[in-house]
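Each of the next two complexes has chain A plus one other chain: chain B in the first, chain C in the second.
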Partner chain A sequence: MNNISTPVRRLDAVEKTAGYTKYIADRDFGDLLYGKFLRSERPRARLVSVRKPALPDGYYIIDKDDIPGENAIHMLGADWPVFADDEVRFIGQSIALVVGPDRKVLEELVNQFEVRYEDLPAVLSLEDSMALKGGALHNDDNCYADYHLLKGDPDRAFEEADHIYEHTYETGPQEHVYMETQGFVGVWEDGKVHLHGSLQCPFYVRHAVTPVLGVKDDGVRVTQAPTGGAFGGKEHYPDIISTALAVAVDKLKKSIGIFYERGEDIVNSVKRHPSRITIKTALDKEGNITAMDFDSILDGGAFESCSCIVLQRTIFHATGVYDIPSTKLRGRALATNHIPFDAFRGFGAPQAIFALETHMDHLAEMAGVDPVAYKERYFMKKGSVTITNGKIHEEVKLPEILARAKEMSDYDRKAKEYGKGGNRGIGLSFFNHGGAFTGNGEKAIINAHVKVRKRADDVVEIYVSNVEMGQGLMTTFSKIAAQTLEIPIEKIEFIQPDTDIVPDSGPTVASRSIVIVGTLVGKASAKLKKQWVDGEEITVWQEYEEPDFVIPWNQDTFQGDAYPSYSWGVNVVEVEYDPVTFEVSIVGLWNVYDVGVPIDRMIVEGQIEGGLVQSLGWAYLEKMEFKEGRIQQRTMADYVIPTTLDVPAIENDFILNPYPEGAFGAKGAGEIVHNGGAPAFVSAVEMASGKRFDTIPLTPERIMEAGR
Partner chain B sequence: MSESYRPESLDELLKLMDEKDLIPFAGGTDLMVQNAAPVLPGFKKDVVFLGHLKELQQIRKEGHDLVIGAAATLSAIESHPDTPGLLREAVALIAAPALRNRGTMGGNICNASPAGDSIPPLYALDAKFRLQSRKGERVVKAEDFFKGPGRTDRKKEEILKEIIVPLKEWNIKKYRKVGTRAANALTKCSITAAAKVKGGRIDDISIAFGAVGPVIVRDRTLEQNIKGLTMEEMKEKIPSILSDYSAIIVPIDDQRSTAVYRKQVCLNLLKDFLEQDMKG
Partner chain C sequence: MKKKIDFVLNGEKISMEIDPLKRLLDVLREDCSLTSVKEGCGEGECGACSVLLDGEIVNSCLIPVGTVEGAAVETVEGIRESENGKRIIDAFAEEGAVQCGFCTPGMMVGAEWILRKYENPTSDEIRTALSGNLCRCTGYDMIISAVEAAAKGGRK
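Now for the complex of A and B:
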């Protein structure tokens, strides 16, 4: 057998590149009706009345009165209704679903509704939210979450500080721009609703739909359709579409599809949380950092969705790869009348890392030291105490990662030669990412199960609820099983996730698929190998076991090991700056990662490059503005993501650091790749332009406005 | 539902235009987006296809002019040996290759978007448009043709037949598009500038700015003030030239950029042209 990292041809490569793959909108479901939402036009209003249009034959309107169970979408909380009841909280919120055979007629019918609103004072900024404008939207303080962390003795450090530097950093929303837009089909089958959809988490959809229909767990079936990208945008948003669709299918007993067009998707689906993070740093006489104080605020938008968990990841990554002796943190996710913000690759960590790395760059500049040399002094090591008073249990290979990155990018020479304000710049970011669910979530919330079944023909089937969505999971899981069983990968079959068929191994999120579920697939395969008898059918189950070395997690106090393992990385970005137009072009990109051992080097490089480009887009191109609660960039022409011409060739390498609890030594790799691009880019632009920045997207307009 | 027509000849096209109220459809790269709807696009009026007519696709040299058929594709113009450099540069930066293979210059002109990228070079190069109807033809200067965003001097029964670009000798040229990204980008602002300098004296100069007003910004009076100056005289006058242009560049804020940025960048580009490009 080969080394596990040696690339194989992806199992879905041919059918996807040749265009054979049938995504949900490509499939033939026979007589299919379509659904189209009537949506709120106001950011915050009381719904006075909804006058329905006269319906042609074969057309239906589904609204809150058709819901057999609860009008509440169960995610973590359940504050987001399937259909607006007496109030609307954001522009785009579902009020009703119109169903019928002709999409053009549906559009006309949606326009014929007469909705009367009584406008309420809308919460359009974090300031509005903190001032409780128009009365609280959530609880009595507009806080979906208000968390506090304490390590060491920060109060004393600030008292004794020789110098204190405080600054605020802001990041904007980000649209996922998965290539395949949101889509679902619901059919009435065997006396229940069967949902097929483009999604990351089949059991999340089931969890959301069952209370709405008022049925037990197996009263709804959810099958994942081939999914053309997700990036967190198909973690919870499919719950919004599928709950409404399930109500319609349950009532009409007909097959119905909801397929978003691009413009509809950009404007109505969830986005990455905008952030405002203030960092205050205490320095002693020698200029050493003695303490940091963080005030981390996320705009949660109109409903809670998973803002609390995103915020947890933001605050647990507040100090990045650095061991800061004393820290103090307050983290809040605030309710506003913006579209709800939700999961997006990195899940709150990119916001924290951008603020921290940029802050560290500024501290280095004030100290008159190269930022890399400055940051190195604070690197975490094995045994370092984390911001939650947990421990780093693994060898931290940052020095090796940095050495390799410098070698590849020629950082030292360039940083010295370019100087400040010479129109050429190079920036380097350090970052990490905790693998899998925060704290004890993997045991307490998910407790994943996987099933591996050998058929009588000696083909081995993998049953998990984690999905292939372009990241290569079908191939990597099959590789783990094949390598463990020492059989060819052709003898492995990855079963399409379906809640009636596969066990719940948890959602496809949080960089957990390989490090948690892939590991269980490996363990199950090892068991099967021991029991293997040619020609016999054998089924093996495997349940998640928490590593025994962790410092136990307390979910009330947020103390202990937030994550058992971390992946680590360095991004280097080189830019050219045009002082005439304030435009920046990226001319070099280098990345080095410790992801344990990559399960298929080419697949992980795909993650590295895709995640980096996504992070760079967020850093300088992807502007999304709200005006009176309405998104202004509503098309792919105005919401600008990078093209191949915006990105030079990218070079990658790995420092191996096998993780004993991960399959073949693997750790998470799906999200860390979005953590470092933005700060490295901004750092490079600071060098090239001689200016200092604190806000992304760093558009030419912002560069122009920034003072020297 | 709208009807669509596909005439076999220019005469047939002109007859249709005369008899009916039609949307001329060349490459459709703007129209298909503007009229997008679920499943099939929905046009408000009937449509006539003209992109296939050979009579409208020719690109030829006529005396001191390059005559470009309105239905010549952007790719054809980009690759034609006689296309003036400034126009070629501008066309080559429009959208992406697939769109340039389909989109036409006539369509780009008649769509009359303030951000239409082929238009500023046409202003700067003193291009004229030949319009034709059943009754006859007329020639209009580029700057007289555009009336505002989406509005032109073309009458209902007319089609834009050809674009006439004088092939003047410019020895200093600058085209710069400032877009939202490196490719497939909409323009925030652009400069097209050309000068003819002989023996240290500026014989001719032409400067046009795109996407900073309802129509392209070009001011012949201001150009007249520069013409005839020696290079040294011009250099001394740069502050006053910039202040003159500052008064006529009045862009807006929109979802792509800000008025302040657009104006500043236009002035920076002009300064760069006068100081750097006009060194020789």
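Now for the complex of A and C:
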């Protein structure tokens, strides 16, 4: 293994394919009781009374009165209660947990509760939220966040503009559909609660559970179980399950499992934030863009969760890969009585990029220019000023990325040949994604630590809190250590993340694992190499160090470098369109990325392809609607994700651009892959149909209804 | 109401007293400890619970165990040691077909079915055969390549 990008076999591939891997529901915990939630049936109501059913022997009800500590789930805020107290805020909110040995009996018991509600006027849309219908749900303005950004002199640019174009773009909610549903088991062990679960962030779970039990940090133990997909859906939602479960285990001192069925998971777990983004663009006499004004609104749902942080990423990606001379932005995350919206791969950036790219396509069309040629003029370069008045510090290789993407997809020829409305179309999107936590979060909030330990048998163990959830982390981290130490990868052991065993290297989110934690693993391995003595046990620690080139971040004014580095990409989507049925089929997919240096080409290509297909699902198949606050798609037959027949073969390539601060030159790659699929798809359908669109999912009904 | 059911599981005759309405999926997981068979949806939409029933691929979550009386049921546990099985596992590992792995045993059952049915499956045939097996991680392309490679007996 000389080149870090040369693929190795994933360390977990054989075990998983052959069915040996034990996910949480596959494990034998001995005598296990099960837990089932009683949930709110109303979007907004006062909880007048809860009449409990008579319980058979061996069955228990756990509710707010059983909580030894606080009835508040600590995420960023702590507004979401473990069990509803005197009011409910969304359909599906936990009111109580019924525990017992037989899952069928539990279901019957849940149905026997008599809950009396006094309905309150529910906030079922962004309009309702802005109108403060029924009184504010959050603060006095229903804003979880209301942010403003300013760059240059947009007011003047709009005053002097020759032409102004304004339009609004909307995106729908998206369900993660990790193939393994949410699952947790809690056991009473060594005088404390030990939680095993399918999760992304063991220390988030611990942080959520300890105040609820009223115990110190080490008063709860959290171990990650092999995780069957997550995509952000197991970032905060596990806090909801584990807090209630911990209360039950703490009270009953028994082993209890909570395993969601698919329908229960679709209807009750968090989703991607729906968005409504209005962009107003000022153009001068020559048709040049002089300024943009954004009004970016996310539906935050019934509790804050991490909506503010998601919104930050939305607004910091508002201008995507373009250097717009002057910009003005207002961003809001609004409280509603929908299910809380939360993390999903891309974390608010896909919504921003969809609005921006589609808007740019429309501007190009009005200018009578090919959209790619139009967009190229505004590419960021090294030294460009960002929307937060920070700087692009790296070489921006978009021209090379674009050239390669055109070559692979034959874009120029096809775009010319297909023309508008010829039932065949090709679309190309540009996008980027800032690596790791926003601003100084990596130092100020996380300050990751990793540990690398060489055993006496010369096997090297990696201790981090970042988890393998399908993205290949266990293999890439092992590869970084092996390559740095110049030992075979078989001599590396990745320790299963467990809060009693590993240091806190932060959550498995924000495309930070490789670029931040992988880099620390590399540094620790380099230290270990210097100290290496055969046959001796040696432990090395490494703490995060902030790169020294960044423009310092101000978290109050959002000024400075929002991210030290970005990954960049282009997606090309080719479609065929049936003007009679309004059905679209995807016939070609090409992707080119700058992710610095890919740590294992095949693993990163796996991210690229999987993320793209998820993004395409969001773009045209995955419809989720709310009616009176209730999710209408309740099964996988209703909520349709792409199958083998919805996507063709996919081709990928990389433009290398080593990032000096990243292990072996790597930058983040886990989330950028969801940013560009939707706008490229919509652009292709616009070409094929000759129509203009502004809303996804772009279903056949929407295509039919859209005017020219 | 229990009933005596006899069937052949991974080549071995077994006999059990069981509620004939219990889902084959649950019988395999709970009564036979065959946890390669996963529940992804419980409603016939995802293929994570795929098994071979008399050589045909079926969703075990839709099958009451009473209906498999006298039939042959095969799961990954019965396939993984065979020549085909080893080739499939090898190809999946080699071609990057595995990410979170939750869909993978079901995909492997699908691949086994394809290998038995086609000598030289085309990628279209593979896509059609696996269209009932959902994967949320990979975007499918590497799975298709893996099955092609397995059918060819090595890396393509």
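Please note the rule applied: the second predicted complex is superposed on the first by the 707 of 708 C-alpha atoms of A that agree within 3 Å, B and C clash if a C-alpha of one lies under 4 Å from a C-alpha of the other, contacts with A are read in each partner's own complex, and residues count from 1 in each chain.
Throughout what follows, contacts are C-beta pairs under 8 Å (C-beta built on N, C-alpha and C of every residue); 3 or more make two chains touch, one makes a residue touch a chain.
Every value quoted in this text rests on a predicted model; they were computed, and no experiment measured them.
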> Touch check for A:Tyr178: first (chain B), second (chain C), both, or neither?
Replying inline: second
>> Per the contact definition in the header, classify A:Ala637: touching chain B only (first), chain C only (second), both, or neither.
In response: both
> Regarding the shared-chain residue A:Leu645, is it in contact with chain B (first), chain C (second), both, or neither?
Replying inline: both
> Does the superposition put A:Met704 against chain B (first), chain C (second), both, or neither?
Replying inline: first
> Which of the two partners, first being chain B and second being chain C, lies in contact with A:Arg9: first, second, both, or neither?
Replying inline: second
>> Tell me which touches more residues of chain A here: chain C or chain B.
In response: C
> Which of the two partners, first being chain B and second being chain C, lies in contact with A:Ile445: first, second, both, or neither?
Replying inline: neither
>> Output check: A:Val580 vs chain B and chain C. Expected answer is one of first, second, both, neither. What do you get?
In response: first
>> By the touch definition at the top of the document, which applies to A:Val215: first (chain B), second (chain C), both, or neither?
In response: neither
> Touching A:Pro226 in the superposition: chain B (first), chain C (second), both, neither?
Replying inline: second
>> Please report the chain A residues shared by its interface with chain B and its interface with chain C.
In response: 261, 637, 642-645
> For chain A, which residues count as touching chain B in their complex?
Replying inline: 103-104, 106-107, 261, 580-583, 585, 621, 625, 632-634, 637-638, 640, 642-646, 700-701, 704-705
>> Taking the touch rule as given, give the residues of chain A at its contact with chain C in the complex, in rising order.
In response: 7, 9-10, 12-23, 25-26, 176-181, 226-231, 261-263, 469-472, 602-603, 605-606, 609-614, 635-637, 641-645, 647, 649-650
> How about chain C: which of its residues touch chain A in the complex?
Replying inline: 29, 35-43, 45-46, 48, 75-77, 80, 85, 88-89, 92-94, 96-105, 108, 123, 126-128, 130-144
> Which residues of chain B touch chain A in the complex?
Replying inline: 37-40, 42, 96, 176, 178, 180-186, 255-258, 260-261, 264-265, 268-269, 272
